[in-house]
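Input: structures, listed below.
In the two complexes that follow, subunit A is the common piece, with subunit B as its partner first and subunit C second.
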Partner chain A sequence: MVQQLLSEQLVIILNGLSGAATLFLLGTGLSLIYGMLNFMNLAHAAFLPLGAYLAASLIQRTVGAVGGSLGFIGLFVVFLVLLLVVVPAIVSLVGLAMERTAFKPLYGLEDDYQLLATFGIILMMEDAMKFIWGGQPVSATAPSNLLGSFTLPSGTYPWWAVLTILVTASVAGTLYYFFEKTRLGKITLAMAEDEEAVSFTGIDTRSIHLKVFVIGISLAALGGALYLPTASMTTGLALEFVILAFAVLVIGGLGSLKGAIAASLIIGMVQAYGSYYVPVLELALVFLLMAVIMLIKPTGLFGEIEA
Partner chain B sequence: MVSPFDPDGEIVKRGIPNVKEKIGRRRFMKGAGTATAAASMGLAGCSNPADQGTDNSGGGAIPDEPLRMACIGFTSGAASVFGTPMMQSARMVVDNINENGGILGEREIEMEEFDENVDEIVQQYRRLATEEDFDVIMGYISSANVLSVAPIAEELEQPTVVWDTGTTDLFDDAVTDPQYVFRTCASSSTDAVGAARLLQNALPDVETVAGVNQDYAFGRNNWDLFERAIESLGVDVELVDSRFTPFPNDDYSSTISALNSTDPDFIYSSHWGGDAVNFITQANNQGLFDDTIPCFTAGSHVIGNIPDEIPEGIIFGARGPHFPFGDQQWNPLHEEFVQNYQDEYDEPPYAHGAFHAWQAIWAYVYSIERAYNLSGEYPTKDQWVTSMEGIGFNSPSGFVNMPQGSHNVVEPSFYGFSDPQDDRVALTDTVWITPEYVNPPASITTGEWIDNL
Partner chain C sequence: MSQDTKTGVMIGIKQQFGNLSSAAGALLLVGAFVFPYLPGTGQYQVFLLGQILAFAIAALAYNVLLGYTGLLSFGHAAFFGGSAYAVGLVMQYYGVSELLLLIPLGVLVAGTIAAVIGFISVRHTEVYYALLMLALAHLIYILTVKLYTVTGGTDGVAIMTPTVGGVNYLTAWGYEGYLMGILYYVILIGFVVTMVLLWTFMHSPFGLTLKTIRDDPDRARAIGIPVRRYRWYASIMSGLFTGLGGAMYAFLNGHVTPGTVLHWSRSGELAFMTVLGGTGWFFGPITGAGAFILIRSQAQQLTEYWHFVMGFVLFLVIVFEPEGISGIGARIRRRIRRWRGGGGER
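== the complex of A and B ==
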């Protein structure tokens, strides 16, 4: 009985953490781009499905081309390279191209106009993805199937979800190290405070802008790539992700890495426990949480920038 | 636990539905109200309208201008996994009719497609009915949408054929005295009462049952009917959990964990669309189906979306006997439809909506042709209504009929186990339950009928 209860709790926590992982990878990018670049980019959420769709195509082609010839370890390594490196790299290039053409003209505008324009871009990106990958759900569960599941008294649990949690935790650690310990990270943080002062020192702030933008986009793409093997992509999900990414921003605070981590964990856990114990309130709980945080601390848990 | 069906008793049958040509005609003559419809138009002697389609015996003038038909379904968003095949089928059926000259061999159909994935569904309907002046509006996959639109259709006296939504609230609650609104597919009653009878008659080993349904009109309605049917029929099972998930939804991990912890023998789910795809994929990953029989009443289209994710032994219903492969390849129309669809779109019509689109468009065309052949004149709007009431015809899914006094077609309940094969997933060990046992009589509401089973 106790073992069953503990097993249930472990599964709920794992569900919460894997949900938080996707939210973190998505929300951090949005938060960084707003915090560092002062650019409210709703279209950011569309890079997650883009990563997922691309991952699906690459996985399907890989499985079709090499099949079982590589063996467990060989295939696993190939999947990891594809999902952790190739997908974020390709999506970053797409993001970079879009930054130059679609986003750059919007930088000087008021937040409201940025919101409207980037919302339009997200719709166009959705349609573009529908055009390329079709309206039917796209799935590629080969990586998850390869890893299989482990057994608990309350059912089995996929190793892929555990891998997602571990990869995201190391990304969070790396980002933390980057911002706190490296020169570029510190310059980036300084830019968020006073970009003009930084540019007076001769630092090319435009190049740092681009780097932050690309890091954000590649995190979202990574989120999509890790998400795909346990679910499927359908058009329309980008808009759902926008809402969740926003929840991360509001709860954690704009532009705060610590806030993004905390908010993702809180939302992930609230969703996991909510859908387990009070499924009726699953959606409401996240918004309730947002409302409470905004009432108590309008800048979010760790945010200092006024919303 | 995967136990084979062991049907006994009178109402649960194995194998092919009892809908062969001869029986279909007899049932039509007996129950579809031919005489009433014919008498009301001052004529008598009607038979199956399917046989009268190109006869042109009426003799009166047929309008020169094409018939304007609006078709509404989800062609974007997660639900497009279901709506797109449906719209493709509609297009194919209309093209086929037009290639043969059109309605009565003379009047072409001008079909326009509209996405159901809009925020202002009522405004869209009003615009189509009033400003764009469509002769007939075919549509709706979402039960929530049709509940909003149906009363407007009656108010505007706009001929409307609901082609796919399932909620029984449509004629039990939203429009209790329908005139211009018809539904040419069976309601959720077929799925829910069918599944309850399936448990009672064919799955006697099942002791615990859980439900997981989408949190909106269709999912709520389905679970309510199933729960009431279980109680009313006195099926000896314990309902251990009932969950409603957001619609749409992409993360089912906690829901699945919760279901895993109650470990039911049988799960009733009316999930469909992208939700069904995600739920099944993730449930497989979390081992939910290892010792549970899942029963998806409306999700068979996922087989076309994720064939590799469908293990053996999942029960699929298709809101009636609509499924391209398996034991039910029993009628020439079925084989012809599946083959044509496959040739046209390079995929099989796994989505039952593809079959429902066929039924809706032909129901309309047959009712026009029937009225014309009986009265000698191209029917007015009200004559069309009279002709639709009691319509019956053969379809790819067997004989379709609308009992006299009802505006809702009845269909048999149909379930089978998934059976992955080399190039497809078929349904095997199929079970069907005749319409009379899963649909209420025209005179009472579904709820009243179920409570007195």
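== the complex of A and C ==
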């Protein structure tokens, strides 16, 4: 009985953590790009489905081509390389091309106009994905099936979700290390404070802009790649992910890494407990929470920029 | 260009072209009234113009916030859809089918939602306001989807054909007569009333106060304007008229779903129409709604990827002509004026 209860709680917490992982990968990039570049990119969240669709294509091709010939370890390594390296790399290139063409003309505009123009961009990206991958839901569960699941008193749980949590935790750790300990990270933080002053010291702020942008986008793509093996992807999800990304941004505080971590954990847990105990209100709770936090602490939990 | 010079230019244009443009306006209005009887006009064209007018009402209302108060809302779907759902649900559960009762009801419900959401949201400005509106409106969207026993979930609610003044025009005239006759004129009259009322409000001291807040909130505060309260009033007014547009949309389409009226992308579309037409001009949103619906219906016929077309248009407008179609129009008028040897300034 107690064991059953504990195991149920464990499943809820694991669900919360894996949900938080996706949200963190999605929201951090948006938050960093807003914090560092002062660019309100509504289209950011569309890079998550892009990563997921790409992952689906790559997994299906791989399984079709070499699935049988590789052993368990070989196939697992191939999947990891595809999802953790190849997908973020390709999406980064797409992001880079879009930065040069679509996002660059928007940098000087007011937040309002950035929101609207990037709303246009997300509509375009959605249809582009629909054009390439079709309107049907796409899924590729091979990596998750390969890893299998472990048994708990209340049922089984997929190892893939655990892997997602571990990978995301190490990404969060790396980002933290980057911003707190490395020179480039500190320059980036300084740029968020006063970009002009940094550029006076002879540092090429433009190239740092690009790096932050690409890091953000590849994180969203990684989020999509890790998310795919456990769920299916449909067009239209981009528009749903957008508002979750903004929930992370607002709850955590604009441009704060710590905030993004805290916010995604909070939202992940609210969703996990919500969907277990009050399934009807699961998502509603998230936006209620977002509204309440904006009212109590307008700058978000870790935000310092005055509203 | 500052807002003052924009107003100045407007006055200049009005003086020079006042008679001409008011004549054109009157002509357009008369054209709208006889539209169903024009040769070559069928149900589809009337439906399209009805759509344009319904969205023009909502876009005019949207511009009260964006153009006059300087607040970008990503939550107007809550007012638009709130009204449409109020109409549908009251029809379904209480059997009320009188259009002249249902429209005020939808407007009132939208106004109430706007009063509540607006009260919370006006504590913030700029991007925070946009996001708070987004969050609260999305809450309503999610609840509507999830409470499917009441709202029908993603299936939405069917809007039956209403009676108008107790007369069932559908049995009297058939669908064509209903759509091309009474319903079209209800929407058209609603549009004219909205235009007149909002024009009056926006050119009253109330409208001027809103403009003052838009141009410089700090200075407005300094001269004793309760900025937050006026922003709230503006939100309510915008919500009421957006609700009128939403109710008209519901009657015209006969069916509403969360995805079509309550989703946040609907708010984005209203913002799109307003910007496309030009936020700095009172009549801009009407042009914007018209252009939006026409581009969309053309794009839908050409390709299933019409979202791409719309997104691209929005992007181009913001990058190359943030003042929208009205901005282009004003530039052309200025050029004509200069060409005629009039005032060479600007």
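The definition used in the following text is that the second predicted complex is superposed on the first by the 305 of 307 C-alpha atoms of A that agree within 3 Å, B and C clash if a C-alpha of one lies under 4 Å from a C-alpha of the other, contacts with A are read in each partner's own complex, and residues count from 1 in each chain.
Methods note: a contact is a pair of C-beta atoms (placed from the backbone, for glycine too) under 8 Å apart; a residue touches a chain by one contact, two chains touch by 3 or more.
Only a predicted model underlies this, so the values are computations on that prediction, with no experimental measurement involved.
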* Asked: Would subunit B and subunit C fit next to each other on subunit A once aligned, or clash?
  -> clash
* Partner chain(s) touched by A:V250 [first = subunit B, second = subunit C, both, neither] -> second
* To do: Have a look at where A:L295 lands relative to subunit B and subunit C in the superposition and call it first, second, both or neither.
  => second
* To do: For A:K130, decide between first (touching subunit B), second (touching subunit C), both and neither.
  => both
* To do: Based on the superposed arrangement, let me know which partner A:L281 touches: subunit B (first), subunit C (second), both, or neither?
  => second
* Asked: So, A:A117: does it touch subunit B (first), subunit C (second), both, or neither?
  -> second
* To do: Go through the superposed model and pick first if A:E195 touches only subunit B, second if only subunit C, both, or neither.
  => neither
* Give one of first, second, both or neither to describe whether A:T230 is in contact with subunit B, with subunit C, with both, or with none. => first
* **Candidates 8-16, 26-34, 116-124 or 152-160 of subunit C: the single one with C-alpha clashes against subunit B** => 152-160
* Same subunit A residues contacting subunit B and subunit C, which ones? -> 130, 280, 283
* Structure fact -> Within the complex, subunit A is touched by subunit C residues 72, 74, 120, 123-128, 130-132, 134-136, 138-139, 142-143, 146-147, 263-265, 268, 271-272, 275, 305-308, 310-315, 318-319, 322
* Structure fact -> Residue positions on subunit A within touch of subunit B in the complex are 4, 8, 11-12, 15, 18-19, 130, 135-137, 139, 141, 144, 149, 151, 154-158, 160-161, 230-232, 234-237, 240, 271-276, 279-280, 282-283
* **subunit A - residues contacting subunit C, complex** => 40, 102, 105-106, 109, 111-113, 115-117, 119-128, 130-131, 239, 243, 246-247, 249-250, 280-281, 283-284, 287-288, 290-291, 294-295, 298, 307
* **In the complex, subunit B residues that touch subunit A** => 75-78, 80-81, 84, 117, 215, 243-246, 248, 250-251, 253-258, 260-261, 263, 274, 277-278, 281-282, 285-288, 290, 304-306, 308-309
